[in-house]
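We just call them A, B and C in the order they show up, numbering each chain from 1.
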């Protein structure tokens, strides 16, 4: 998909005065901040001899290719060719619409005229005094849809994350409600009278009976907004743990992906150790997914093609893949 | 070739309670022992989302995929889908006929109905009180036929193994007898009044004149059974050294192979140091082959195609390649 | 291109009694010295089973394949097959015309009858009492033409080598004279009243105003002969620094290249520290080119194809690419 907003970076990854390179949906981009702090994203390729502009030099708001010195402004217009007065208008670099919002930098890789910032989903917990988190990023050796499959079916929490985020088979046994949204899937799963996860216990939840829930949207082209938590069952006294997670799964190439994520808590806001412990627990669990999904990707790549076999638990991912394919066909 | 027995592992590689993964003739397999010790080999791919079952969990004699919890019995039948009563019969994993015999585990990769254990060659020295050895394994970055070529022409002993198993050019100069077998090639080579190999001398053979011999079958799809030895020439007094070697060359993919091997001695059975010294000598020599054959494979891969030029010394390998191609055509 | 002389090695890379392997224009070669010191270059592939001859053994002026013992003379004729009287004339290895001249060994990869040593350019400074240098070599992960582009446009000195060989934008702003030669391009660029490069200053040039010049031929299939230097401007007193550089850019494969180079000085001939400092400065600068060109090659390989946009500064490289393509078409 090209006509959509992808997360390009965490805000802190694009430091003032520095050039940042990342490939998004097959496009190699060079990213930097203008003097006013706003973010520019250009094709990372000088049109002259195809040198990477990310090896260039930032000069004010402009970017000079450090192979032969050709200089471009932040909109990609050529403004200087050494030893040459005129700057041919064909000698321009594609610039990409960018929006920085709540600590994520978004890029539009399609038709610039269609880039409507209102299409960016509300990642409120990324920048709110009511929530605390630490940012995380993983690079994946797998197609982005294999990662989407993973987040669209939390029955894997019982198995992949048995010793971290998940726990008993009760999660997998519960059937989620799945609703189609115009641009994604809404999923609600809850499990009553079950055990808290090992991570919940590390965060202070007593080992007694609890109710757990996960309510989330997974939106094209790969944004997950997840409300989840755990509370004592049957109205028993005790604190509930309430989380909000923003995640973005972004294709880098056909076989590699970016994964931006965080899990925020809205309790004990001033307990930095708890914030860090939650972060570490989630990162460890996401490495469990990564090990499984990358092994799955390698197996698929080395095997003779064979169909996957659909099961009721795949309702959400099947729905999402259909939406994705339809969006791709319109793209 | 698919309709044949391949060595899948040394018995000790498949430990009780553990999952073992290996690719044989392009098939990725997961292997484990049932409670009764018998070996199960299944396709290493969950039919649901193609996760590797080798990342799963052994539960009694059954295997649970640890992505979404689907469980299979040792015959590959699905016996549990979390959150779902029925288990669709299409959701099955291919199981492979397996025979464990004399410390090698064999797998049949073709039509299961044709898997006749009587076709497995007699690797007697692998498990006999009359023979001693240590087991060995090498992974090759080369097509299995390049390794077969190597063992089918021992004239390479004079050159590749000049300082280990071989020695003088007398071995290469001797012409072997080559006979066609229904399923392979029988080869006999002997050299009289020559020098013992450097390895023979390390094993205690005096440096005087010796006779050496190699008598072996190389059987489809790649099993070598080799009787060899050295004795003082002309009936002179002194001990003979007598060896038996079982070797299996197994395709992993078009460009990689497995090599299982050992060299057993039937003298000084209680001399563990001698057993170990023989093992180390043979492993060192097999690394000499590996260096040559992998370099050959790289050169072939990077070069423009060109025919090889057949010589009288290639009689056995030419015969074997013909048998192999005919078997492949029937397969 | 095949019908041309390529640099195969620095003389010192081919040591007496040793086998040296290098791939030139897709041909894998094994190279060694005969007893009389002359260099033999053979195809690095035994015609029997395609084992690399570079893993063989030099026996006098002959080369024995150490897989099955077949022996070739320095012209590639088979002179021994173990265990076989006759040596089939088809069992020969291609031999390549070689000329060793002024510390470079040249090889002709095309039709041997056309190999005229008079076509080798005059690399006088490689072996002259009037010049001093240290030899250098780099292996490139890039097509040779991307490296040729680099040396054909010294405007990159202002940017890639801003802190080493180059300096101000004055170099890029100066327009060179470009002339077509029968087998290459002649280029002259000079800059008056500019600053000495950082390297010049390290070599003792005071920081005042200087004139700089570069006069060079770049000859098919990739030989650069460069006269360059710096002197005080406007006839001011002070020493000039005068250099001569021989460079050869040689395709290894479509995506990799060899780069042989040196920069010689004709002043302070007995100052070994200066020779070494010049060498180190040039090697450091050539690593700057390598970083840029290999990044450019990776970017081109991973990007959708797009045309490069020609500029006046590309006059020489455009001319050279045309000559190259014409030579290739004739080849």
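Heads up, the rule we're going with is that contacts are C-beta pairs under 8 Å (C-beta built on N, C-alpha and C of every residue); 3 or more make two chains touch, one makes a residue touch a chain.
Every value quoted in this text rests on a predicted model; they were computed, and no experiment measured them.
S.K.: Over half shared numbers or under half: where do the identical copies chain A and chain C land at their interface, same or different?
M.R.: Different: when the shared numbers are divided by all numbers used, the fraction is under half.
S.K.: So if I superpose chain B on chain C by CA, what angle comes out, to the nearest 5°?
M.R.: A turn of 120 degrees brings the C-alpha atoms of chain B onto chain C.
S.K.: With chain centres taken as the means of their Cα atoms, state the distance from chain A to chain C in Å.
M.R.: 47
S.K.: Chain B: which residues touch two or more other chains?
M.R.: None at all.
S.K.: Quick check on the complex: what are the chain C residues that touch chain A?
M.R.: Of all residues in chain C, those touching chain A are 149, 153, 155-156, 158-160, 162, 169, 172-175, 291-292, 295-296, 299-300, 302-304, 306, 308-309, 311-314.
S.K.: Which residues of chain B touch chain A in their complex?
M.R.: 23, 26, 28, 44-45, 47-52, 55, 64-69, 81-84, 88, 90-91, 253
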